[in-house]
């Protein structure tokens, strides 16, 4: 199954812009399903980006982050071809990770 | 006194002439004339919204409101239909149990043809939509049909729409009285009021596009299906044209018809034909 | 005097049925009428969602023995169904008024 | 610590204990900030549970923020849908170490908190959920101080009825 993480990392000059879209329900635990039962909270808590052996961005998310969450940021100190490791863990212990090449 | 009478007679005469002039137009309209209808339909919107670029109408509410357009642009940077698109591409390439694939069912392998759907099938004498053709292809190859409303069907149509992005809508009406009747049936459905709220599609999408209905900006009817299938934040998921018709019906408190009912296929035929020439922009992201 | 007497009797008569609790037969009759009206609306493919829910409410109340409420709901369903059939028939021509020409 | 004979050792030990205690105490306020900063490394469970925005800010950063026009918060006037509200922030402040977003009227005010290591630009775009019309606040922690920007975003349901 394809990874749940879609990433676009493009570098121009010293700045690399990173956009990520993750396939995840991000359930708040406050919503009822068709049968009227509460859908338990199920959301990504931490999303980490590492490049050249150091964290370049760490996101701590609550239940107010949208379904199929998206985040965009930029950082310096990387160049085309470097590896960018992205990994997330959610409140149910689920996780996923991929390594993408900076274009 | 005499002047006033003359004035009265004059205006009466003018009114009569105007009426005479207009009435053949009304009479002519009863004979189904899709070409004139399409021209009138497009001109109505081009005149009502002179500063909206013609091809922009296919972006629905975002062609009507700057603040919404900005939110849309931001979403389109990494659109939420990305997953459905990838899933559709993968499904399109995965062969059926009998080894065939969707490409064998469609002209040009199914790539870049969405703009010709729906088409009028002269053998069967009815409108065939992309969704109907896809399920027919599955059944012809021994596979179970998909729901017409979301999930797999939305992913497949998303991929096929994506391969047609930018191509102008190109719907043809063959010279066949049944095709003209289907077009007319679609037009009638579009303008007919229904549900306890007594709205027709036109009440919202012709009389008040650009205005708000609670938080939403109403899309113009011109090119309203060019972006199908759409990812709606409201559904937090994908939806096909059928799903949109079904939900619109229930919002006016009309009991929806079956997803591929004749009226739905015909109104899709009508709305696609009058949007001829405007680019395909599917899959779309909507509120 | 005679006239006012007959008036009073008439009044009493009309009040009488409401006085005694609506019974199952009345409910059955009201529900049947509502059902035929709603079938007619469905036949014209112009059923309203509120008709369906009013009919369901009538049936639920009826099954529960609350015939007063069941009859009220059935009457409402019938009225809604009739309104939707009226809408369908009048729209047969009325839609042209909105058409873009 | 070298011990000089038994008697002094006891005094030394007591003295040692005292200093350690002092240090410990003294450390608390200092430790509080690094601890909190350290807490940043750990998932700030507490802050995400709090309903009220001010409490959440305190729990996360240990102090309050002052509005600053150097923090530019970009959010729609009317959200097209409460489930997907595109919100982004940029700032000209430097030495930024953390950025967080708060939606006052949400069940829990703190929506997202980001750590900005050295070398990462202080600008983030994300999509948040909003329960209803509310003030959205972005907080930037720069050089140990907190700066904020707030904007009201209107949210309501769409559609005509159903």
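Labels for the chains are A, B, C and D, by order of writing; each one numbers its residues from 1.
Assume a residue touches a chain if its C-beta (ideal position, glycine included) is under 8 Å from a C-beta of that chain, and two chains touch if they have at least 3 such contacts.
All values derive from a computational prediction rather than experimental measurement.
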{"item": "Any chain in contact with subunit A as well as subunit B", "value": "D"}
{"item": "Rounded Å distance, subunit A centre to subunit D centre (Cα mean)", "value": "20"}
{"item": "Distance between chain centroids, defined by C-alpha means - subunit C, subunit D (Å)", "value": "61"}
{"item": "Where subunit B and subunit C are represented by their mean Cα positions, the distance between them in whole Å", "value": "37"}
{"item": "For subunit A paired with subunit C, centre-to-centre distance based on mean C-alpha positions, whole Å", "value": "57"}
{"item": "Shared-contact residues (touching 2 or more other chains) in subunit B", "value": "80, 236, 250, 253"}
{"item": "Per-residue overlap in subunit C, given as positions that touch at least 2 other chains", "value": "none"}
{"item": "For subunit D, residues contacting two or more additional chains", "value": "83-84, 88, 125, 127"}
{"item": "Contact pairs between chains, per stated definition", "value": "A-B, A-D, B-C, B-D"}
{"item": "Residue ranges of subunit B in contact with subunit D within the complex", "value": "61, 67-68, 70-72, 74-75, 80, 197, 199, 204, 213-217, 233-234, 236, 250-253, 287"}
{"item": "Interfacial residue positions of subunit D with respect to subunit A in the complex", "value": "40-41, 43-44, 48, 83-85, 88, 103, 106-108, 110-117, 119-121, 123-130"}
{"item": "Subunit B contact footprint on subunit D (complex, rising order)", "value": "76-81, 83-84, 86, 88, 125, 127, 154-162"}
{"item": "Contact footprint of subunit A on subunit B as seen in their complex", "value": "77-78, 80, 82-83, 86, 90, 236"}
{"item": "Subunit B partner contacts - residues on subunit C that touch it in the complex", "value": "42, 45-50, 52, 80, 83-84, 87, 91, 94-96, 98-101"}
